[in-house]
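First chain A sits with chain B, and in the next complex the same chain sits with chain C.
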Partner chain A sequence: MGADPATFLRIEGITRRFGQVAAVDAVDLDVARGETLCLLGPSGCGKSTLLRTIAGLEAPDSGRILIDGEDVTTLPPHRRPMNMMFQSYALFPHMSVRRNIAFGLERQRLARAAIAERVDEMLALASLEALADRRPHQLSGGQRQRLALARALARHPRVLLLDEPLAALDRQLRERTRTELAAILERVGVTCVLVTHDQEEALTLADRIAVMRQGRVAQIGTPSEIYDEPADRAVAELFGTLNLFQATARNGGLHCASLGLSLPAGTGQADAATVAIRPERLRILDGDEHCDHEVQARVLRNEFLGASRLLLLRLPDGATMRLLTDPRTRGEPGTDVRVGFDADAVRVLTQ
Partner chain B sequence: MKSPAFVRGVALLPLGWMSVFLLLPVAILLRVSLSEPRFEQPPYSDLFALAESGRWAFEGTLQAWRWLLEDPTYRDALLGSLTMASLTTTACLLLALPMAWAIARAPLGWRTPLLLAVILPFWTSFLIRVYAWIGLLKPEGLINAALMATGLIEQPLLILHSNAAVLIGMTYAYLPFMILPLYATFSRLDEDQLQAAADLGATPWQTFWRISLPLAWPGAVAGCLLVFIPAMGEFVVPDLLGGPESYMLGTALWNEFFRNADWPTASALALTMLVVLLAPLALLQRLQRRDEVVS
Partner chain C sequence: MTVRGIRARGLARFGFVTAVCFGYAFLYVPIVLLVFYSFNDSRLVTVWGGFSTRWYVALFENETLLRAALRSLQVAVVSASLATMVGLAAGLALVRLSGIRRALLLACFGSLLVMPDVLIGLSMLLLFVNLDQWVGWSGRGLTTVALAHLTFASAYVAVVVRARLLQADASIEEAARDLGARPGQAFWLVTVPLIRPALISGWLLAFTLSLDDLVVASFVSGPGSSTLPMVIYSSVRLGVTPEVNALATLLILAVTLGIISAALINRFFIRSDP
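Moving on to the complex of A and B:
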């Protein structure tokens, strides 16, 4: 096999059908040693099924899964060298925190002292030392989340699988836990496949993101590649709000009427395309300030979001667009403003 | 909103039920157990009699209770019942565990038919079902005929009219009471937890012993009580399938009431059984309270 030597986990043409529908459709993925790959997509895109197939909880209809060159496709879950953290955490309610962590180690027939030592390590990693004898239902949401992670890491999995690791937490806790999770993953250095529908989670936790859609990988790349150079409109729309404008072919190039913007030939292959600009790449220009491109607009709404300010603008042709800016920016509804943006803020998307 | 009076009224309902159908009968039993048998209506003596002095005198006696203590027949019946009920409960548990597990793990469309198969025999009279076992177990019955035809045995096994036959019959009769609560808890198990166990290296067998079974414990306790309590008082099965050795509390009770017409002794026996059955119930209460503290 001419596999990339950096590849540690290799997913080859995995297909999983439910009836007529292919939940996962001939997916190929390579994950490097120590890398965190994030499967991102809306619910029903096949990301969870793919993760469960890697864990061995689903049997693929075709394809292979290799870890470090070893084919594990037909191994039952209890014999695969990986562990999964479930979205529901799936903690054992009748066991203490300590026994939950020890469960996987006991299955490995380790010496009692070795198990106790490893459990203590994991308790420290998850900051649960003081709660070792509690039952899961006596823990807070964040503590349960850390216990689930510690239990999955206890056996030194060669690949760690995380299914929506933060989805069960409320919003405030999620951000803090995300930072903790990132720190733990970095410290352990484990190869990791993470499933999420939350783009922020994907951007902050992943080394690479695979955007999934209808059982296929729509785009794969680093977080900044996916964010800045989305392959198509659907991928771009996954990450926050986006200003989209119709563009038509003119003189071998593209013309966007709303922005009064002409793009040279080669930027769009089709005769019609969509031009996209992220709200944070737009700026309100002062008197003598200038940008690559400028357009007049009227402020319709001005929303103070705390850390930023969102302006809803109307362009001369009636199209609207959003502008995300510094919270100190003025711009009363009804006033006219000059909006500027750099040439590299403009993305041309197919579809 | 519900008024406190309404809430109190609803709470009184079970209390009223208890008073009329449990406390009152128990009081009557207690009263009868303190009298002497009579061959008249009612078949027991009065507790109080008008003495010659013109005063009411207490005429009760502890004779029936003394008999219970002194006559080894009753002690044997109690021991017989305890042994048979325990054996039946154990046999039911061992048989029901794999059955309930299999039904709970069966494909969704299969579960209802399988459960129905468990419940369906209830649609026939209990008496007829127990009677049918006579046909199966007797020396020239189906089981012996089959075993002899295959050459496994030369002489028919003498199962009928023995404690073995009683155990078979009672296990058969009470098995559904064990399967249903076990099925209920098994089918409520969290699929993720079972998969997590497998993911953490547990074989299916280990997952069953370490996760499923401990979590199904409340169902097992409920099933054991549902089997043990009626098994303690059973008298139809030992009467039809048992032999002279199969003397149980239920049989003794039946004999005292209807053959010997000794209501006082029968009442004392019935009260003894009630007290014996309170023990497992108290145990359940304690277990439940422990669970509440935990959850």
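Moving on to the complex of A and C:
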């Protein structure tokens, strides 16, 4: 990683051990000014520990954290130019909405009028004007979430840290709040590091995603890069259902028996690999339609999902695969269909 | 519903109400009797001789009893306040330490909770006698009683504070730090208000334990520093005078008012409790 001038927040070789286990293991990350970077991974992958280390709530065993070229690694949390939104929101229960937002501004010893003005701005941003004198326990889940965000943004943080910002909300509310959150982040334009285990959140909110596994970054890229070109099988499996087939080396290339598919040399270096196709990249072909690759299959199940239809298919060699398609598609169980897919739908993954 | 069903339910309800009545009676009849007999005109404690407030008048002329009551209140306020501070520190340490250090501290404070009063009193007495020999400090009197009370009461406060801290969200103090509060500010502006109910009830607990203690005080008090329980106990051995009832009634009144006001304060400050 060179000295990219766009880099605003730089994480250099951060390691944090708990006993013998490295929760974060020599992680390097660069975040550009105004960018939203999402740390995605299952629980225990070290993403929250990394976020807490950036905030200064955990001390790294080694490595450096730089903001705009300035080393903040040894600064205590209250002197770092960033603020965090906690997963539990961590609102102050004994203070009103207004006092919660004002807390960080009061610590900066701003003039009273300046504090009041900024608090009003934040109340408007979070649509909480009418609830300014309530206590946190008198707010709904969505209102608390917005209060936590407003409190974290009040001090004009140079980097905003979000720890699972939507995890505490129920499913229905989550989608709407996610849209609101994306809109607020865009309006404020703050550099943002977001931690989540939810791939939809990552795909919709992030400019770039860093997939973490066992304390390391497994892959980093834009949402579409990560989704379409996963580095390995584990990354691919993070995002939805995937059809996986064994492939073996043959004639310098790879051969996948289930799909009757031969891939040229250079697509896989190993003796054996996994071939992956996403269910939405498969199509059922009508009489005269043709595709790069075609395969015969028998419909086992046909599930109507409302906005789409999921077909469970059996291939000639007995392997099964899933196909996600238009809800109007026919395909009665027991009938044979011709399934086609484009060459760029096929991904060869290492284990 | 069948007649038998209704009867069975009625019986169950009757049984439940009876049990509740007995329970409350067991708790409160002695206290009601005590209050009742404090207004007894007769010199004999158990024989009703008509309504009178003469024992209240006599009480305010009984200097021994009043002095002892004042002494006990003094000791209780001082030891409860100090015990709240020590208990707060210990409670925080119990939550923040880990491994062997927490285990040791927990054992230290836990053992104080289960140690018989006689042993606490005896060991404290030995300590004070030794201090006298080593450094020539012989302050036996109210100071030593307060110190002894501080010792065991702080363990109770620590337990209450720890429970409250465990129940609270640890990231709230982190949020304060993240929002620019220095460690001290985060503690006083956020953590202390958060555990205020525990501090209030811990103080009340320590206060009551001190006011109530006969055994430990008997070991460590010095000449001329008998606490109220000691004076009452020694006077009962010579026969109870109704003045003690009057005093007890006043104490019950004070404690009741204290508990009610503590509850109101709690309610007012921490309306946010789930």
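Here is the rule we use: the second predicted complex is superposed on the first by the 349 of 351 C-alpha atoms of A that agree within 3 Å, B and C clash if a C-alpha of one lies under 4 Å from a C-alpha of the other, contacts with A are read in each partner's own complex, and residues count from 1 in each chain.
Basically, a residue touches a chain if its C-beta (ideal position, glycine included) is under 8 Å from a C-beta of that chain, and two chains touch if they have at least 3 such contacts.
None of the values given here were measured: they were computed from a predicted structure.
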> Will chain C clash with chain B on chain A after the two structures are superposed, or do they fit?
Replying inline: clash
> Between chain B (first) and chain C (second), which does A:92 come into contact with in this model arrangement: first, second, both, or neither?
Replying inline: both
> Is A:136 touching the first partner chain B, the second partner chain C, both, or neither of them?
Replying inline: second
> Between chain B (first) and chain C (second), which does A:171 come into contact with in this model arrangement: first, second, both, or neither?
Replying inline: neither
> In the superposed arrangement, does A:187 touch chain B (first), chain C (second), both or neither?
Replying inline: neither
> Of the two partner chains, chain B (first) and chain C (second), which one does A:83 touch, if any: first, second, both, or neither?
Replying inline: both
> Does chain B (first) or chain C (second) touch A:328, or do both, or does neither?
Replying inline: neither
>> Shared contact residues on chain A, chain B side and chain C side combined as an intersection?
In response: 55-57, 76-79, 83-84, 86-88, 90-94, 103-104, 107-108, 135, 137, 151, 155
> Along chain A, where are the residues that touch chain C in the complex?
Replying inline: 55-57, 76-79, 83-84, 86-88, 90-94, 103-104, 107-108, 135-137, 151, 155
> Which positions of chain B touch chain A when the two form their complex?
Replying inline: 190, 192-193, 195-203, 206, 210-211, 214-215, 294-295
> In the complex of these two chains, what residues of chain A are touching chain B?
Replying inline: 55-57, 76-80, 83-84, 86-88, 90-94, 103-104, 107-108, 135, 137, 151-152, 155
> Can you name the residues of chain C that touch chain A in the complex?
Replying inline: 169, 171-172, 174-183, 185-186, 189-190, 193-194, 269-274
